[in-house]
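Which chain is which? They are A, B and C, in the order written, and residues in each are numbered from 1.
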Amino acid sequence: MNPVRLLPRMPLHVFLVVIAFLWFIPTLGLLITSFRTPGDIVSSGWWTTIPGLFQPGQFALDNYLRVLNQEGLGVAFRNSLFISVPATLISVIVASLASYAFACMGFPGRRLLLVLVVALMVVPLQMTFIPVLPIYRKLRLAGTYPGIWLAHTAYGLPLTTFLMYSFMSGIPKDLFDSASIDGAGPLKTFFRIVLPISVPALASVFIFQFLWIWNDMLVALVYVGATPRVAPITVAVANLVTNRGQNWELLTAAAFLTMILPLVVFFLLQRYFVRGILAGAVKG
Amino acid sequence: MRKAMLVLLCLVVFAGVGFSQQKTVYVMHGWPGQQAVAFAKVVQAFMEAYPDINVVTEIVGRDRPAILATRLAAGNPPDVSPIPWLGLMAEWARAGYLVPLDGLVDVSEQIPALTPLGYVDGKLYGTWQSANVKSLVWYNVKAFVEKGYQVPTTWDELIALCDRIVADGGVPWSIGLESGAASGWPGTDWIEDIMLRTAGPEVYDQWVNHEIPWTDPAVVEAWEKFGQIALNPAYVLGGPVGALTTNFGDAGAPLFTDPPQAYLLKQATFIQSFILNQKPDLVPGEDFAVFPFPPIDPKFGTPVLGGGDVSVVFNTGGPLNGTREEVITFVQFLSSVKAQEIWARELGEMAANKNIDPVATYPDPIARAAWQMLLTADSFRYDGSDLMPGAVGAGSFWQGVLDYVSGVPLKTVLDYIESTAVDAYGY
Amino acid sequence: MLKTKKWHPWVFVGPALLILTFFFVYPAVATIWRSFYGSGQELFGPNVRHVGLANWRYVFTNPTMTRALRNNALWVGVFTPVTVGLGLILAVLLDRVKYERVLKSIIFVPAAISYVGASIIWRFVYAYRPVGLSQIGVLNALVVALGGEPQGWLILRPWVNNLLLIAVGIWIWTGFSMVIFSAAYKNIPRDLLEASRIDGANEFQVFRRVTLPLLRPTAEVVGVTMVVQVLKVFDIVYVMTNGNYETEVVANRMYKEMFNFFNYGRASAIAVVLLLMLIPFMILNVRRLAGQGGVQ
């Protein structure tokens, strides 16, 4: 980039770097804290370690080892995967099917239903437990994985449908016309045209839905319970803290360990957040 | 897409494989960390003694009241849960959620002061799993010796000691009222302990049952005595702001800096594990020790304020009053000498069975001293905030402590708590 | 609009509608019904008494509740514009720099941290130590370094502490807003932007005349999502102050009434209030949602 173009862009870079810095500081604090001893954590600020960042003895892996050596952590991790991967897939599938109909098809009551679906976002999930759970028991879904997949699908559905709808409603109409001419039915149109175009939106909805399910504890406690055989990692991590307080050193380490997988998912999906999928398909 | 479907199908099949049917006891507790380990050892001992009974443990920390309430309403509670909320136990007992244990469980070995607290309307609903002593003041022994400070035995001596520490350029108290969503509870312990010493156990009971209002002079006096210390910027590390923003678990650390940032900490027996977590080199009894929170009105002596957990059995529709024989066997085992010794030894916490061997059970002199206090107290009372309805004991009382310490006038605070109490008790 | 047989759409929306009816519509109706009944923790049963409008009176007259309503309004007024605006600006600006992915990840990270983790992080930002001791909180360390007095930030009622809690929310949710805007922005055909550049528009004009109108639907979607998040804001307040020092919010109050005080009736009334609070925002959006044929 030549200097003539770089100069006017300086404020841009400064702005972005400042924002990123502000966003990064708390995370950095968490990361450094996770390597410190409980005594150090409460007696000096985490940033005081920075001048001697590379001196030996400042940091220790004890916190991480204690978290990793906790009994049953591997099982909890597996449980978390068993809960979040299918639940995310199901909810994204159900939501994109529904939003496809809402966005691209005409049917009576469409608008009213759509508004209703969006309004349901505000129903506090805590208020749904007691009405739903007795029926869950009768259906023998309580304490099972399919039961919690369904619950997570439901709790994420209003938002995921809303997001997918808003994206799909922007798909240009001429695409459907050409599909109709080709004689494609709605299912074919969905797989051939709508889904491929929606990849960036699917990727973003997927990542957030995955995150919320991965970090959830309350829904898991209600629908599968806390028995080590089925409980997810959030429940296992919560058990690290002492009776009445928080073992900050362990919680910080655990926060980072549990964050790794969602971040990997984010990095993997980031390549789908690219320009041009739709742009290339449209003749401006 | 097709692959994903296949994976889904496999998972459905996998998840559908049901539980094997065997005699099983489901227990849910809220003890994470060390306590969870200790309880697991108790459970292990039980399964060795009764190989045909399987125990499945669920640990639910912060959200346990919510989860228990939900599961009760939905009709699938665990069999047993040790809970500290005696007020809640009474509500649940009256709503028919709990199994009366009279004639099923023998409680004759329990500490006599605790046993009556397991009863609701004359029926036994809770057996004691553990106890703790709250009326303790922790101090740095070496710093005391160095400065020539004496352990106070009366309230006036305590205030005199505070003034002397201030005169020496120190700060007497480290107070930590912050506790996340439960912030304020350490202050309720202060007020309860003071109330027992200024108004006596009978008035304390009236207060807990809301037979006297929160605006009663006896209640006001207890709050003011608490304020005499907590609101005095010279007495408290960081002043009232320090008290409000310090986590109760971190409040021990300032006693052990060099020179000490503070000299005294009022907290229950369990705080020892917090101190040792942050200062692993300290030796209990040598580096730090406890003295009883001193008497105020000599008439009432040195009462002991305590807390603890009672095991309650939920009605799951079984043949024995709504439960099953294996559940009763398990509950009986929890309060036995064997289980209690394992539990107390592992944690240094108080056992609830009076027949345990204190020398073999308690690893350090502090726990032994607390055990003596528990057995020989002039009077024993349970943590009042856990006896009150949730809206007061886990609501406006906690909030009131924080408001008072942050400068809201006492009358405003007490009027507010009183209004919530009238609402919650219904009188 | 896609040409379909009459029953086709129902096959596609059917599963979603079934699930939503079971998990939301039925409980919402039950909650409205329950809001006219008293305390206790059951939905039905012999212990549940009809109390008329008592719960509703409580919701609108109790000082703690009115304060919670005020605080939720403050959240809506600050959190929503900041997360939407910042997310939009970041999405557009980051598109022009080579280090887009790195910065996006940094701003996304808070969304990946659990609320428990986030609450610990922010403890170490707002922590207070008395004058003279070494500060362990970033904010107070900064204040002291600049010659000021350390403050107990979260107890500075009612404005400072509320705004500091809102800051935590912004830190967590801006990543979401940015990712959604970014996905939408990258779908704007580049030739449109280039065309107006060739017409002599400067970057700001391109943004105002081309980008902004095209992102408007997305902004409304993100805006509604943020308003909903604010109305339901719970975890941040619950773990940081639990509503003490005048930081109470409606959803936290609901949780307390429901699970700490076992007052199902009141909690239900509060939950219905949350629904009612969303209505004005829905009306603002309904015309767009409804008026749009789906395909312009």
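To be clear about the criterion, a contact is a pair of C-beta atoms (placed from the backbone, for glycine too) under 8 Å apart; a residue touches a chain by one contact, two chains touch by 3 or more.
Bear in mind the structure is a predicted one, so any value in this text is a computation, not a measurement.
Comparing chain pairs A-C and A-B by the number of C-beta pairs in contact, the larger count belongs to A-C.
The chain with its CA mean position farthest from that of chain C is B.
In this assembly, the C-alpha centroid of chain A lies 37 Å from the C-alpha centroid of chain B. Work out the mean CA point of chain A and of chain C, and you get 15 Å between them. Counting only residues that touch two or more partner chains, chain C has 41-43, 255, 258-259.
Among all residues of chain A, those that touch two or more other chains are 42-43, 126, 130, 238, 246. Along chain B, residues 63, 66, 73, 180, 182 each make contact with two or more other chains. Residue ranges on chain C touching chain B, taken from their complex, read 40-43, 47, 119, 127-131, 133, 151-152, 154-155, 157, 238-239, 241-242, 244-245, 255-256, 258-263.
Contacts from chain A toward chain C in the complex involve residues 9, 12-13, 15-16, 19-20, 23-27, 29-30, 33, 41-48, 94-95, 97-98, 100-107, 110-111, 113-115, 117-124, 126-128, 130-132, 135, 150-151, 153-155, 157-159, 161-163, 166-173, 176, 179-180, 186, 189-190, 200-201, 203-204, 207-208, 211, 215, 234, 237-238, 246, 248, 251-252, 254-256, 258-259, 262-263, 266-267, 270, 273-279, 282, 284. By the touch criterion given at the top, residues 38-39, 42-43, 82, 86, 89-90, 126, 129-130, 133-134, 136-137, 142, 144-146, 191, 217-218, 221-222, 225-228, 231, 235, 238-247 of chain A touch chain B in their complex. Put simply, chain B touches chain A in their complex at residues 1, 4, 7-8, 11-12, 14-16, 28, 30-36, 56-63, 66-67, 70-71, 73-76, 179-180, 182, 247-250, 253, 257, 270, 273-274, 277-280. Residue ranges on chain B touching chain C, taken from their complex, read 63, 65-66, 69, 72-73, 88, 91, 95, 180-184, 237-239, 241-242, 244-246, 261, 389-391, 394-395, 398-399, 402-403, 406, 424.
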